[in-house]
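What follows is a set of notes on a single structure, which appears directly below.
Letters are used for the chains, namely A, B, C, D and E, taken in the order the chains are written, and counting of residues starts over at 1 for each.
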Amino acid sequence: MGLLDKQFAKESIVVTSLEDLLNWSRLSSLWQVGFGLACCAIEMMATSASHYDFDRFGVIPRNSPRQADIIIISGTVTLKMATRIKRIYEQMADPKYVISMGSCSNSGGPYWEHGYHVLKGVDRVIPVDVYVPGCPPRPEALLEGLLKLQEKIRNESLVKKTA
Amino acid sequence: MIQYFKNIYSAIATIFIGMKITFKHLFVPAVTIQYPDVKPKLPDRERNRLYVNFDDCIGCDQCARACPVECITVDTVKGLPTEDLGKTSQGKKKALWVTSFTIDFAKCCYCQLCVFPCPTECIYMTDIYEFSEYERSNLIYNFSILTPKEAEEKKANYARFEAEKAAEKAAKAAAATPPANASKEQ
Amino acid sequence: MALKTEHMTLNMGPQHPSTHGVLRLEVELEGEIIKSVQPHIGYLHRCFEKHAEAMTYPQVIPYVDRMDYLAAMYNEFGYAVAVEKLLGIQVPERVEYIRVIMGEFQRIASHLVAVGTYGLDIGAFTPFLFCFRDRERIINLFEMTCGARMLYNYIWVGGLSHDLHPDFVRNAKEFVSYFKPKVKELNDLLSYNRIFIDRTANVGILPLETAINYGISGPNLRGSGFEWDIRKDDTYSVYNKFDFDIPVGKGLQGTVGDCWDRYYIRIQEMGESLKIIEQALEQLPEGDVTSAIPKRIKPPVGQVYSRVENPKGELGYFIISNGSPNPFRVKVKGPSFVHLGIMNELCKGHMIADVIAILGSIDIVLGEVDR
Amino acid sequence: MKNIQEIFDILKEKFGDSILELLTTLPVESFITIAPKKINEVCLFMRDNEELKFNSLMCLSGVDDANGKQVKDENGAVKIEGSTLSVYYHLESTEFRHKVTLKSSAPKENPEVESVALIWHHADWHEREAWDLVGIKFLNHPDLRRILMPYDWEAGHPLQKDYKNPEFYHGMKVPY
Amino acid sequence: MTYDFFSKLFGSDLIAALIQSLLPLFIFILPYALFAVWWERKVSAHMQDRLGPMRVGWHGALQTIADILKLFQKEDIVASSIDKPLFNIAPVLMFVGTYAAFAAIPFSSVFIGSNLDLGVFFIVAVSGFSVAAILMAGWASDNKYSLIGAMRSAAQIISYEIPTILVIITIVMVTGTLNLTTLSEMQTGHFWNWMILGGPGSSLSKFLLIPSMILGFGIIYISTLAEVNRTPFDIPEAESELVAGYHTEYSGMKFAMFFLAEYANMLAVSSVVAALFFGGYQSPCGYLGNLIGLKWLIPIEQIFWFTAKGLFFVFVQMWLRWTLPRLRVDQLMNTCWKYLIPLAFVNLIIIGLITLI
């Protein structure tokens, strides 16, 4: 939204309805980086499989981060992997969102205490929008996280981004 | 040459078999559960968010010790002999004030190991799975019914009690020991 | 005249659609032909062995689950067998039967994922979703029994956390009859598809001698035509009471030990697992499942190497006890870790697309490779 | 099918002093201890001998025995000195169906064990792992690098009992 | 025809030409592409026992619109190491190729962008643009996956042009024209006049032609499938090997252009196949307009039939995609050079002999 930042200093009917349209388009077409880390990745795959069907929400996996809007950090982030995740996040085009799925990426999960090679929470390298708890979260829980993220996008504004 | 035509035949035949199957599935009703509108009934052993029935908690710390992740922290302080701490639903008398009982669901691995050792069966797993948050700190749940202020009070109370007891003991000791010391010295 | 082309190094992963997780393959290419493949692992190294040293024996089980997360039930099974050997205890008959049933269901579930993602690697999307659809049913069975979908913490040392759900036997039988025709459908859709056969037959041939020398086990070893199954050859639990076959690679579509053989072994094993489940459900004895669980697990000083036939291959636990409630050392020999080591050997001289086909056919889980 | 005593006798006859002892007093598993610098010769013999034919290495594990005495250095960190690092080899013959466990120990200050990676390719990655996590140096290993930890990990070998985790790695905080 | 109409209406050649050239885009390509993307997702979903987009509009009907609006908003990443001019031209060129191909496709007897005498040839030639575009994209991206994808794509598309053209030649031999309108007009009447059933007439040669025509149809359908990079020939963007192939580095609107061009291309080749073998815009069973005497109804019916045929072949493409695995690059070449081209030649000879008698 960088270019439009200053043009619409005040809200007006036109801006708000345009805003609604743009927010609607963003929230209903969240393409995901096809990217799995650990156990949660299997549950993420189960979410996109027939029983839960991510496609219903317009989420399709894109293999190239350039074309994706949302990255689901699904699993344990190790120190070796953290830099890569950061890079993938940087490769994504704005606007981009992050869902941290499962205990491991929320805070290191079961590995927070003795995990000498585990990053204790992916929010140490990239900003996270929604934390989905669970180990691994049920597919429904992930979908609920997605709905929460959609809610967040719905309230975003052209005038100023609600972080 | 025969192999050549066999290849063509097998390719075409298997492709058609495959296409037949996928075409058939076009008319098979979908198995999808339309989640936010339809929520399936979960089995009764479902293991999701932990819940602590705090009325029954006696602060024995068993769950925290069983937890492999150490996401449960239980802080307790002894109740004064004069105070009534209430009873559990099984009629057991409580002896400890549980000043804080926090579970960090950002760390919890939902393994259910904390549930089994609980003597009063007050910690158990529920089927609530919808509790994602925008902030990680919101995932730390405190189950204690005592407000922080009350907890401070209880701690202070007990410290005072301890101090009094210690002072009493010291006074008693002071009263009893000098002769003994004296006798030793001699 | 031979044209000399410059070698190109292609990094596959750690974020790549078909490395099954976070594996990085450094592929050296000459055109499309592979000169060498160098796997770089450790992107999911979650320090299992360190954790095991800091936990008590029962507390290790949740971590054991998270190793091979596609076959969590079997990891627990193996761990329980190992610790029971160390303790020298016998578990009730019913527990063993339930373990076997769960283990075989887990084997089907794991193979379904292996087969499905293999289809995905080759480019067929639909079988993947069909496999996940069927896997979901198995997961529902597990969820009914112990409440978790993937990481169960169900099989404990000396027993089980819960007895079977009253509906379990009926639902399990329902699943068995539901699943049998699905295997045929999968075969028609994928296994016998000409394109699939062309992609996998005669690709990545693994001769038996090499396989044994590289320590390959499980379906990959059987794909090379060696009838070797720890369930039969070094039997544990109650596997000796069931009648089942060990499918071996016969080179039906190409050479013995190629990718298609390895793939097809998994399809056949699902059928064998169904056989075992049917028999076990028939013979399931009554009894208590928690009676033999020791209150405090404190094995004597000693060590044990115990292995079970995990869906991926030979899963070995090497446990050293120093007499304390925490294990002194737990070393896991994960089949995936071993199998990945053979990538370079298998891939040489093939094309880029074959790396994917070979990697998919050896069926690795990165959680177990890196632990 | 040979039991461990018979295998021990065969080895003792062939190699003499390099075969150190046979430990059978343990409640669960007995093993043969072998000198670390001779392990490759013994293994090669065991693989190729007609009577033994240990063609498969089931598992290779590095262990920090932590049998030394604990010393506190000036920072208060506990160090274990004078202990040994061991390698356990679990061998199997798929032909004769017999199994055996070998052990080879080296002092922690100079943990050098001969590599068996050229005898069983399987050992290649296991030895790299043992080097990475426990810190056992395998002599004549074709490619002894770290395998699980990052190549630029400097804090030592994490499975040693007195391992201390670093505070930062590449600017990322490691402890919780 | 439309051109004449508009030039008379506005009295200006320029406006007529503009309308003529923009009309197909706005009337057809964009809505079609949006529809096709949604349709593909629905078809794939139902083949896999799931539902596909459901949450926006009726059964997710607005899904693609949301996608496109979102892609508009996306940041356009241009990495520093890439070749900027080529990188920017490639998606445009891709779209131009597709768009130009639509110029010569006869939607009905009166509505055709440009009624070229070399119609079929023009389409085949123009769709070759996509090779250049893909090569540009792959080269400019400075990404190994893109480059490999582009190289594969070039080899693939060029190889598969040969069987396509060989089959087109057989049609030309039978009918003696390259003009798609003429071709379609020849197949008027009922479906037994379609080329797949030997073309118009009832001579012996018609019946002799039927097997060769079916073979020819098979060959051209397979090779057009390869030309638009659909499964089982989608190796240039083989997801499981090459991440996203030649458009790995593209984001936002540029990616959308590739995306839409792919779907537009699918329809373009399907229409060519339909026009060559399945009577183009001709109805299989006579016209309602003729029956009730409303002449102006006929072109509308024709558009309907043409779209229906085109969409049917697009559906078959999707059907194949969600059924089949992907070929390897050498097997792809084998299929072309060892199977399709020899068969196409044999077919050519047989049809040549038949037309001689």
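Criterion: a residue touches a chain if its C-beta (ideal position, glycine included) is under 8 Å from a C-beta of that chain, and two chains touch if they have at least 3 such contacts.
Quick caveat: nothing in here was measured; it's all calculated off a predicted structure.
Q: Give me the set of chains touching chain B intersected with the set touching chain D.
A: Both chain B and chain D are touched by A, C, going by the contact rule given at the top.
Q: If you average the Cα atoms of each chain, whose average lands nearest the overall Cα average?
A: Checking distances from each chain centre to the full centroid gives C.
Q: Hey, which chain ends up farthest from chain B, C-alpha centres compared?
A: E
Q: Measuring between Cα centroids, which chain is at the maximum distance from chain D?
A: Farthest from chain D by mean C-alpha position: E.
Q: Would you say B-C or A-C is joined by more C-beta pairs in contact?
A: A-C
Q: Averaging only over C-alpha atoms, locate the centres of chain A and chain B and give their separation in whole Å.
A: Comparing mean C-alpha positions, chain B is 27 Å from chain A.
Q: Calculate how many whole Å lie between the centre of chain C and the centre of chain E, each centre taken as the average of the chain's C-alpha atoms.
A: 44
Q: When the centre of a chain is set as the mean of its C-alpha atoms, what distance in Å lies between chain A and chain E?
A: Roughly 36 Å separates the two chain centres.
Q: Can you work out the whole-Å distance between the CA centroids of chain C and chain D?
A: That pair's centroid distance is 26 Å.
Q: Which chain D residues touch at least two other chains?
A: As it turns out, chain D has residues touching two or more other chains at 148-150, 158.
Q: At least two partner chains per residue is the criterion; list those residues in chain B.
A: 7, 15, 18, 21-22, 25, 30-32, 34, 68-69, 109-111
Q: I need the residues of chain A touching at least two other chains; which ones are they?
A: Touching at least two other chains: 49-51, 53, 56, 63, 80, 107-108, 110, 112-113, 116-117, 135, 138.
Q: Pull out all the chain pairs that touch, please.
A: Contacting pairs: A-B, A-C, A-D, A-E, B-C, B-E, C-D, C-E.
Q: Which residues of chain B touch chain C in the complex?
A: So the residues of chain B touching chain C come out as 7, 10-11, 13-15, 17-18, 21-22, 25, 31, 42-43, 45-47, 66, 68-69, 109-113, 116, 125.
Q: Quick one: in the complex, what on chain E touches chain B?
A: 43, 45-51, 54, 319-320, 322-324, 339
Q: Quick check on the complex: what are the chain E residues that touch chain A?
A: 41, 45, 48-56, 60, 62-63, 65-70, 73-77, 239, 243-244, 247-252, 255
Q: Can you name the residues of chain C that touch chain D in the complex?
A: 41-42, 45, 47, 49-50, 53, 85-86, 88, 210, 212-215, 226, 228, 233-234, 300-305, 307, 314, 316, 318, 320, 329, 331, 333, 337-338, 340-342, 345, 370-371
Q: Which residues of chain A touch chain D in the complex?
A: Within the complex, chain A touches chain D at residues 79-80, 82-83, 107-108, 112-113, 116-117, 119-120, 124-125.
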